[in-house]
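Okay, structure first, notes after.
Note that the chains are named A, B, C, D and E in the order they appear, and that numbering of residues resets to 1 at the start of each chain.
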Amino acid sequence: MLSRLLSNDYPRSRVLAVILVLLFVALALTPFLIPGVKALNVAAKILVFFVLVASFDLLLGYTGIVSFAHTMFFGIGAYGVAIASTRMGPGWSALALGTVAALALSFVLALAIGLFSLRVRAIFFSMITLAFAAAFQTLASQLSDITGGEDGLTFKMPELLSPSYQFSETPLFGVSLDGRLLCYYLLFVLCIVLFLAMLRVVNSPFGRVLQAIRENEFRAEAIGYRVVVYRTVSSVLSALFATLAGAMLAIWLRYNGPDTTLSFEVMLDVLLIVVIGGMGTIYGAAIGSALFVVAQSYLQDLLRLASDAVAGLPWLAALLSPDRWLLWLGVLFVLSVYYFPSGVVGRLRELQLPRSARPRAARPAQTT
Amino acid sequence: MNLKDLDWKPLALVPVLALLVLPFVGSPSTWVTLTVAGLAMGMIIFIIASGLTLVFGLMDVLNFGHGVFIALGAFVATSVLGAMGDYTGSASLWRNLLAVLPAMVVAMLVAAAVGLAFERFIVRPVYGNHLKQILITMGGMIIGEELIKVIWGPQQIPLPLPEGMRGSLYFGDAAVEKYRLIAVVVGAIVFGVLLWTLARTKIGLLIRAGVQDREMVESLGYRIRVLFVGVFVVGSALAGLGGVMWGLYQQNVVPQMGAQVNVLIFMVLIIGGLGSTTGALVGALLVGLMANYTGFLVPKAALFSNILLMMAILLWRPQGVYALAK
Amino acid sequence: MSENLLELSGVHTHIAAYHILHGVDLVVPRGQLTMLLGRNGAGKTTTLRTIMGLWRASQGRVTFGGQDITQLATPQIAGLGVAYVPENMGIFADLTVKENMVLAARGARNVAQIDSARLQWIFSLFPAVEKFWNHPAGKLSGGQKQMLAVSRAIVEPRELLIIDEPSKGLAPAIINNMIDAFAQLKSQGVTILLVEQNINFAKRLGDTVAVMDNGVVVHAGSMKALADDEELQQSLLGLAL
Amino acid sequence: QSKEIRVAHIYSRTGPLEAYGKQTQTGLQMGLEYATGGTMMVAGKKIVLIEKDDQGKPDLGKSLLAAAYSDDKADIAVGPTSSGVALAMLPVAEEYKKILLVEPAVADSITGDKWNKYIFRTGRNSSQDAISNAVAVDKDNVSVGMLAQDYAFGRDGVKAFKDALHHAKIVHEEYLPMTTTDFTAGIQRLIAALKDKPGRKIIEVVWAGGTPPFNALADADLQKRYGIEVATGGNILPAMTAYKRFPGMEGATYYYFGIPKNPANEALVSMHYKEFKTPPDFFTAGGFSAAMALVTALKKTNGDASAAKLIPAMEGMSFDTPKGKMTFRKEDHQAMQSMYHFKIKVDPAFAWGVPELVHEIKPEEMQVPIRNKR
Amino acid sequence: MTQLATHDLTVRFGGHVAVNGVTCSFEPGTLTAIVGPNGAGKTTYFNLISGQLKATAGRVTLGGRDLTGTSASARTRAGLGRAFQLTNLFPRLTVLENVRLAVQATREGTHRHGMNLWSVWSDHADLVERADELLRSIALKDREDELVASLPHGDQRKLEVALLMALEPQVYMFDEPTAGMNHAEAPVILDLIRRLKADKSKTILLVEHKMDVVRELADRIIVLHNGTLVADGKPAEVIASPIVQEAYLGVTKEAA
């Protein structure tokens, strides 16, 4: 049963399994374990990023395509919900219509990009997506009549998911049972379902072919796989998952704007999470998102403590100032690429493997 | 290079484009203003992109941190020029140059020194792996930008152009800013020196070979390690120079300026074709011209002019106008 | 001056967590051609890479002309006068044949500075190198690449040539040329170390021979002795020939 | 009733507007000290200031405000720096039924169609900016070419400016991408539109952040060649260095430390010089004003920080600020305030072009439209 | 019976004609060796047949079906299989996975397997079993969990052949399968080829420079020289022909 659910892709490391179970429990019980709005927001953000990063991993880790336009689809999902909810007023039909329309747009765009990618070198493709994503973001802020421009859109959710909706007068374990809580669990369930779906995709015969293409496209074609088709399908799939992640974010925030979903910064976060977690392992997205979002949310608080502690040394205090939290995030960035080349998941798995099967530091074989 | 082997089509692109828009612009003086300004802008872009042609084009290192060196150069220039108020305030061009030249030299030296550290601690472990390069140099970019904020503060700092370099020269009804002409001279020098070094020495070859198979280059007896460091440092220094030029053009600097120009210069390199100095120049000139022409003729499209240009070029030559590598 | 140009004593090499060489002892006498034989995976390539400093020996010593080179970096080792042709040939695919050759000639800044007599000699041995002079090396046929790889190693005089499977993929006529070439080089006093699977090639050229298995040298001696001794060949057959 | 009044200041401590946000914080801190006479107490209660960094991100601002109201038990919130963040925050104030004092985000819609009754604003809004700038150029026989950034603020700014003009004529609107660095094409288009017009010819610049077009305009020598002048509003001091090249340029500003003459401003300038050895800037004055508004209101409610008490107390309330007296308009809670028509003078003692007061535009002189649906 | 044929097959690189109007057909049940000097166009000829290169002119047919203009993957699915002269594998996947992927590619209904997004790969036990069997046949079973990048050269060559075997095509094209392989190891590959020969429905093409191997295995030899087909016939005759003796084996040169 579990094996079916996980598509026979177990964490393959005891430590990893324990961490994942703990993470699952923690996310499931956050509203009851840690009181406060902030904690719940952090947990929700982890859920959304998990889906987003896993969808990116499908593209990057499994298919070997480096695209900087992934947040575009994330943004499309969020804008879909936002625009529909603003125009049609809060309601389930707005949610559904917005999501479906966003999926359709993502589908078309991903298809177009997928086909274009065939024409240019991989590295060019990445640079082009970078420019493309920037242009899309500008477009979103220019079309202010539809998208709310730079300011973005603030909107309401169906009554059932709004904070004002109370479905029980008496709080449970001190937590008020309101629409917000319901909304959180909606995200939670969505996240788990989407995760299992992606796990299944990468462990299907299709997913295996993707890995082959990543390793050696030329040979994959030579043994009879139509690389173009596989690539395109995988771009489209990953775009659709990212779109759903965007919709989830919009549902939670009840806000969307260009900076929130389309900015390059979000793309950077996604990249970093993939690397921290471990590329080509959907599980990595979970660990990475949790680590990163928590670090990002609490780093400033931590730095405040640290800089107070060294207040006597002005230079050090300036470096440790909470305002310079990005500096430390950057350091984290560099260190994680240094010390976790295969990510947390990769690392844990290596420790678990029998010696003979551990990956070796090998130079790539020359191909013709 | 043999003149017969020269692929002239991309070079012809620049005048062809300029002549093509002439009828649309109408007024010849406006056309001259737009064209000269666009070409000069292209030269400035070329200067800031030149460091990256070395690092990205030859060494195949996708250095997202390149922008930091540009910003660094500009900030160093604010400090140097700030300390030389006497010279910058003077209306004599020569006294101005006496201030700007040291600013350039110091900026290049500082950028080179930081480049040395950057190579050692950030780039070295990730040669040959694009994805990791992107990630780790992004990290380096963030760190660099934040350190600039720690040293110079987060706010915008004015970098006024020395008196004598301000204003325009007039050719009939057409006006050309003096500073842009200076940029053309600097750009031409950078271009010439780069071209000469790469054509006259084995350095270019060695680096390209080293990117493909480092071990083999070492087995041939070359210390590719040192060479890579050297190229990276020169690339950083050029970025520092570019920063000074760019900062003086904008007349103010912000810590984010590096990130702001990153995408632009990557596009220039893609248009030009990786590793080609001439290509980078052609790409930069095209970008500079296109921006002005579309800005004048169809302002709505100006925002996307670079992307459209890039797409068009890639449809024509998928490797950029001059592709050295396969 | 020692008798042996190159000596390995008790060399152990690890690659990542794997112990590949378990104490290799190997001598390459000056001015002779030494054959290193052994079945697939025996550690021949690893031995050559260790000599070149591409893998670092974790134990033992490598000496070249009496100098300890165990800890030297690859470029330094090459600088002592060693040329190396790796198993995968190490062709710079994006560079032209000419550029490949210019790089291999350390002393030359451009083609004009390469010793032209030597170049002509190479062209006569390997016509393809001349024929495809301005072509991207990546487009050469398998055998042509192998010719280019060997040409690079001999474009300038070197004291020691180390070649991993020189005859691989070459047509018989070219193999003959190569045998000629090695004979000529040897007569000029060049020392050569080859890994070879082609037994005829080995028999025709080899002065001394070493056979490896499982990361150690299991037999060393003169080629003639091995060629004459049917029994020894039989016993090493499974391993080497 | 607790013994504390908890005020959350949510602003861009980091992010693109870091420099602005920090000015606001400095001003707020100084203002609280000045207004409470250094005690930080109002009606026997201690004012506790909680700082939060929205990084200029609307989504983050939104959740920080919620966390401030609920987790940190803040009674009142002040901020944010960016309009986008402010707009995302507005519904949160309504959800938690607590006051949000907007400073310095400028978008009209904050006190316009996105407004709710928990929102007050001490900062000026875009209309006030535009109207005061219009006053500075609005003469008969004047042709104006607008140069603005191509996004909502640029376009809204131009529109508000246009609405406020009665005499001058707008002959051309040039919108350039926010990230424009080469202004040649735009300036050429403006020249083409303006050069043959009779009377005074002015290019009015509506530009915030990015690379401002002033140097390019100065280099084009428009005055000499075509008799075209340049006009624009005030800005932070580093941005005003470019004004040095336009001696005599007219416009209207929100604040310049040398202009207003009143005790609050004197206090602000001297406090600021004492602490930083520099004059207070644009946004410092705003933070200071917000603090004054808060303390005045709390004094009125005798320290009761609940919205139920504060709203009636603040509606129509007047309070002193470095810009003189401000009044929260009852209808949309926008603080009505003076703006300053200036003319640039070049003074070698200052690194920036010094705006000299031509005329103080009193609130009564400006017809600031009420745009909310109350 | 499916027979492979090329009609006037030509490819030009700039001015250089690498394969020049080669017309030839290959019968099932025969092993044809293709020999010729380095750069004669043997690998290029293979590339044209298997679709890695687009021909400038000429046609490729299999069992009467015209394959000219189809993609490499389509030709593989149509029954053309090849191994490469220079090792060309999936370096960071395991040995087993390399073979398994090839098995998966050719199983009836490729599209159903490869495009199946919803089943779990390990449920298709038949594929894994077949891969296992193949690995045993080339004596690589004990290394099945290792990453290909760390295999010694000889083992990579074996795997190269195993991938071809996994495809079970109608036409097998071997490009120097034993190059760089030890004399003790090469027989494993040669045995495999011999067994294939026994299956009379298969067409086998072999490029090989080792004349002893060619002599032993080939039913027929064709000779390419400067891209042109210059000789075609029984092994003994062809080897004895002057052109082979001179241009290929270099006999006269040595004598000179």
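In this section, a contact is a pair of C-beta atoms (placed from the backbone, for glycine too) under 8 Å apart; a residue touches a chain by one contact, two chains touch by 3 or more.
Fair warning: this is a prediction, and the values are worked out from it, not measured in the lab.
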Touching chain D and chain E alike: which chains? A
Under the touch criterion given at the top, what is the topological distance in steps from chain B to chain E? 2
Most remote chain relative to chain E, going by C-alpha centroids? D
Between the Cα centroids of chain B and chain C the separation in whole angstrom comes to 45
Cα centroid separation between chain B and chain D, in whole Å? 37
Using mean CA coordinates as chain centres, what's the chain A-chain B distance in Å? 34
If you average the CA atoms of chain A and of chain C, how far apart do the two points sit, in angstrom? 51
Please list all residues of chain A that touch 2 or more other chains. 138, 142, 323-324, 326, 360, 363, 365-366, 368
Considering chain E alone, which of its residues make contact with at least two other chains? 85-86, 150
Pull out every residue in chain C that's touching 2 or more other chains. 15, 138, 142
Would you mind writing out the residues of chain D in touch with chain A in their complex? 13-14, 18, 53, 56-59, 62-63, 66-67, 70-71, 83-84, 87-88, 90-91, 95, 107, 109, 114, 150-153, 155, 177
As the complex stands, chain E meets chain A at residues 50, 52, 71-74, 76-77, 82, 84-94, 97, 100-102, 104-106, 110, 113-124, 145-150, 156, 163, 167
Which residues, counting only chain B, touch chain D once they are in their complex? 27, 30, 33-34, 37-38, 41, 149, 153-158, 160-161, 166-168, 175, 177-179, 249-252, 256, 260, 288, 291-296, 299, 302-303
What residues on chain E touch chain C, complex-wise? 13, 35-44, 85-86, 150-155, 175-176, 179-185, 209, 211, 247-250, 253-254
In the complex with chain D, residue positions of chain A that touch it: 36-38, 41, 138, 141-142, 144, 149-152, 154, 156, 163-164, 253-257, 259-260, 300, 322-326
